[in-house]
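One structure, pasted below without further comment.
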Amino acid sequence: MVNVALVGFGYWGPNLARNFSNNPECKLSAICELSPARSKLAKQQHPSCEIVSDFNELLRKKDIDAVLIATPVASHFELAKAALNSGKDILVEKPFTMTVAEAEELIDIADKKSRIIAVDHTFLFTGAVRKIKEVVSSGEMGELLYIDSVRINLGLFQSDVNVIWDLAPHDISIINHLIEASPVAVTAVGTSHTVNGLENIAYVHIEYEGQLIAHLHINWISPAKIRRMLIGGTNKMIVYDDMEFSEKVKIYDKGIVVRNAKDVNSIHKVIVDYRTGDMIAPKLDNREALSAEVEHFISCVRDRTKPLADGNAGLKVVRMLEATQRSIENNGQRVKII
Amino acid sequence: MVNVALVGFGYWGPNLARNFSNNPECKLSAICELSPARSKLAKQQHPSCEIVSDFNELLRKKDIDAVLIATPVASHFELAKAALNSGKDILVEKPFTMTVAEAEELIDIADKKSRIIAVDHTFLFTGAVRKIKEVVSSGEMGELLYIDSVRINLGLFQSDVNVIWDLAPHDISIINHLIEASPVAVTAVGTSHTVNGLENIAYVHIEYEGQLIAHLHINWISPAKIRRMLIGGTNKMIVYDDMEFSEKVKIYDKGIVVRNAKDVNSIHKVIVDYRTGDMIAPKLDNREALSAEVEHFISCVRDRTKPLADGNAGLKVVRMLEATQRSIENNGQRVKII
Amino acid sequence: MVNVALVGFGYWGPNLARNFSNNPECKLSAICELSPARSKLAKQQHPSCEIVSDFNELLRKKDIDAVLIATPVASHFELAKAALNSGKDILVEKPFTMTVAEAEELIDIADKKSRIIAVDHTFLFTGAVRKIKEVVSSGEMGELLYIDSVRINLGLFQSDVNVIWDLAPHDISIINHLIEASPVAVTAVGTSHTVNGLENIAYVHIEYEGQLIAHLHINWISPAKIRRMLIGGTNKMIVYDDMEFSEKVKIYDKGIVVRNAKDVNSIHKVIVDYRTGDMIAPKLDNREALSAEVEHFISCVRDRTKPLADGNAGLKVVRMLEATQRSIENNGQRVKII
Amino acid sequence: MVNVALVGFGYWGPNLARNFSNNPECKLSAICELSPARSKLAKQQHPSCEIVSDFNELLRKKDIDAVLIATPVASHFELAKAALNSGKDILVEKPFTMTVAEAEELIDIADKKSRIIAVDHTFLFTGAVRKIKEVVSSGEMGELLYIDSVRINLGLFQSDVNVIWDLAPHDISIINHLIEASPVAVTAVGTSHTVNGLENIAYVHIEYEGQLIAHLHINWISPAKIRRMLIGGTNKMIVYDDMEFSEKVKIYDKGIVVRNAKDVNSIHKVIVDYRTGDMIAPKLDNREALSAEVEHFISCVRDRTKPLADGNAGLKVVRMLEATQRSIENNGQRVKII
């Protein structure tokens, strides 16, 4: 039985609390929350759980194995650091930290203390992304050519982060999960329509070695809600449409075969063959992603194994966000990822 | 009765020939085509029309008022120049020319000779774009914030031009038509998956004065066929989906009101109000766009009036294509539009 | 403060319990449930609520104003009768009763005792149906011509009722709500693919005075989930698609104008004019239907007013179900509704 | 080289003319048309073809092998009879004839004269229906349970036939093609909203031996255009949506397994297991259906083989239409098909 405590009972915290409560291998024994109103709600929904307002109180509890951090991103680093130093494993809300330096320091502490860091990249645990990962890993798509992701709607304007830090962690964590190679550069443009200068539309272009690219369109002021990812391979192509009711993943037996003429003079003589065959929408596991993620985290804590989305996965996302931010601030200048 | 001749009976020429033939105000009297097979087809479809293989023959015909140029873009400049110098009005396939310099020289000649240049930006004559133009011009959308255009499918790889010169003229001509301001800069990235280096995916980001931006995604290797434009305004937003059977244009009574706090210290205190109301899909004129365009061109020739898509409209598109190409060749460097 | 008790904590009971608990004008003080497992769950979710297994215990409680009946339909009559006779108001799950005779007896008792009967026709409280009712009532659709409703998916086969008693109450309650006239006849066909003979597909055709008709397709073995109602009027037509994410109701400015020639000899000379104009998808109230229904029921109990879906509404649905059943059992014979 | 003549250059005739002209194995040598305006159009589109106004002239031409009959249905019988008696093969527009008796007499004549009758059930030659036929015939769907077909839109009100004779031949010919068994009874209801009494909405229910049923909804006054057929089997189910751009046929690995308890007392104890697996949208042959049909007819004429849609196929459709009409006229009475 793994014993966990939650810090932060705001927007996402209640979902973590519910899923950890429902898992039979785990006990949610304490919740730390500053707001009296939210504390009251936490007590109501989790009557057998201790509600505290002092984070250090949680850390002093020897029987707590892991701390779930669901507070605003600006506080992640300090809370995570204290938890790790108290010998707790941690599950941290996305994005992992505000900076690459913070993420690296946390990974370093966890290594020294042999503690586990998991980052809450929930989408990796959806039936859709698990199926896509399976297809991509099998090699049946051929060589990956591009990923194009659109995540837009008329969304709540955040007051502390721009649209990139709000939405892009979803796309980047999925793309990093699917593409094993590391990105080499980012070019991003964004626009703010408010006086605080926080971008509410952004386009992010990610380059990899070879001809593989990824591109994001994230947007808080779209009239239509679109959550769609295209994944192009030389043999097969995938459309992942999260707004579809039941056929979220469609695998097209479409691809291109590029036959290059051999002689030097024929630089312009490229021959492209098309393949277009059946489309398959595979049956997906409908289990709630967060429930699968919670089960995975508990088994990592219990068996001391590395989470699917560990500190390094969190770090990679933060590195991309930082580079994206720098590119935007420099009018779309190409920023290398080291 | 306007008398026209067509040069080029390849992919698009037959559509021009059919529409000019069907217009009662006009006579299609000659077609110039080099390929014997295509010439034969032209004769078959237009038995009363003279088919020639020498372009100069067309130009020598005194009774021909206008020449329709539907040849590969590389030949537009020479053919158009000769036609204008022979005193003919011209309708030129898109894109207008290969370079800004060519376009400027043609406009100059037309001015001196008082000849008419029309560029075949067919989309401007669709019921959908005409309705959108009407809505945008009425001011009811409020301030324009962004246009996002996606034009992708598993398309024919062209061997002489990349995906930008093939597809982007459609989007750019529509965007130029809707946005009266001139763009100030372009940032573009693109990738080729063939040895000839011609891009088959590209993303183009266009900046305007103020906070207005436009963005294109054009792609020959998408599994899904998407032709969708989002137009965001402060009061209303439009989704233009050309793949929809009957409701191509949807006008959303959605928008944002940004209320900026007045005091200096409140830079982060932005308040955004949302409006979400009804959606209207207006009835559109279903007339074939090319038929409306042909009627318009004939009336311009007859009444000596300026076409909706004149040489300057063609030039503006070519200027954008040139800047886009330069940005791509420089790894996504920002290119100013002068 | 209205004091209610719930009987039945099976499939639907928990939703009633949650919504009555959350309403500040109301107190859910007791739940009656026979199954120990479900009783335990009820206790867990409603710790401050008394859980009993004897229905008479509920009835003896003088401070309980209303009883919510969410048990299998076969038990509705006995439970409802006892509750009314004990002076309680009732809210009964749909369908109201097993027979017309039962429904009539309950209405009679309630009348004598001045008690309130509400039947849980939840769909009437959705934003979509409320908007459609508003449009139909306004007269702007012209004369109603037909309603066609499809409610199909690969659904759970019920073991005690056929697809008609399971699904048709939804459609019939909506149709009765929209059409003020009473139906005059029903013709229905259905098929069972199981040995118990319970129909899993059925088609129901409902006639009204004049030329108005309604038709239902209900089906437990459809590969696709469809919940779509077409409402045709002479001036406007509506498509109500409950599977649409945000545009559930579309109002088409389409209609027909039939101009009948006046002379006797021209019986075949009918002239039909078409109108096709804009389509509007009105903004709908997104409030949970059950929450609005609960608020309405509480106000009816407090203010002694007639519920929107009262005993007579429940009776009308049962009368249609009975007639439908009789028509099916007689190979699709036309059954008059008296 | 097969030599054909066409009678009727109205709505459908030009399509037949174009497709027979384009087929290299065939010569369209004459067209018979009464209207001067349509005759002129025929001459324009088929300059090398003889245009006549006297049908007997066609019949006297010894070199004409087959006559294509594309006139109003009321004239089919007389024209077909004369053509067969003159020794010509015939291709007749759908529906084949006005009555079963007419159809039977034509089949009889053709038999005696060893002439070929084909009925223009074009849908059987679409890539979609050919693929569905292949899947159904393979047995992989298990036992067929039902077919549900919806063919509705805001269509032209015909002045000589009702919606059944106008639209249902499409559905019935497809259903007859897919289901080898013969129907045993029809129950139909329909309504007319015009003074001439011609139905513009109809629902047709078709029974087969066992538990198989088919159902049609045909409608000229629907706000939405729907052309969708559901085909339910015990192992697999198909959705055929003709309005889909590229994925018209979707094959669902969904089905039900009914396990009947063996003992006499358990009549209500039916156990239904569900299977839900992948969905496949197979690549379809995009060839124009009419072109494939023309090729098939020509080969039948040349090789003296039986057409896929022969006189008997045409008769079966007419028999269903007659029974449907009788059922409607008798208020939805069940009409046996003998």
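By letter and in written order, the chains are A, B, C and D; residue numbering begins at 1 in each of them.
Definition applied: a residue touches a chain if its C-beta (ideal position, glycine included) is under 8 Å from a C-beta of that chain, and two chains touch if they have at least 3 such contacts.
Every value quoted in this text rests on a predicted model; they were computed, and no experiment measured them.
Student: Among all chains, whose Cα centre is located farthest from the one for subunit D?
Tutor: A
Student: Quick one: compare the interface residues of subunit C with those of subunit D and tell me same or different, with half as the dividing line.
Tutor: Both copies, subunit C as well as subunit D, present the same residues to each other, with over half of the numbers appearing on both sides.
Student: If you tally the C-beta contacts, which comes out ahead, B-D or A-D?
Tutor: Between the two chain pairs, A-D has more contacting C-beta pairs.
Student: Return the distance between the CA-based centres of subunit A and subunit D, expressed in whole Å.
Tutor: 53
Student: I'd like the Å distance between the centres of subunit C and subunit D, where a centre is the mean of that chain's Cα atoms.
Tutor: Chain centres of subunit C and subunit D, defined by C-alpha means, are spaced 39 Å apart.
Student: Just how far, in Å, is the C-alpha centre of subunit D from the one of subunit B?
Tutor: So the centre of subunit B lies 43 Å away from the centre of subunit D.
Student: What residues in subunit B touch two or more of the other chains?
Tutor: Within subunit B, residues 276 contact more than one other chain.
Student: For the complex, give me every residue of subunit C touching subunit A.
Tutor: 47, 225, 243, 245-246
Student: For subunit A, which residues are in contact with subunit B within the complex?
Tutor: These residues of subunit A touch subunit B: 145-146, 148, 152, 154, 157, 159-160, 187, 189, 191-196, 198, 201, 203, 205, 211, 213, 215, 217, 219, 221-224, 230, 232, 237-239, 250, 252, 254, 256, 258, 260, 267-270, 272, 274, 276, 331-334.
Student: Can you list the residues on subunit B that touch subunit C in the complex?
Tutor: Residue positions touching the partner: 247, 253, 276-283.
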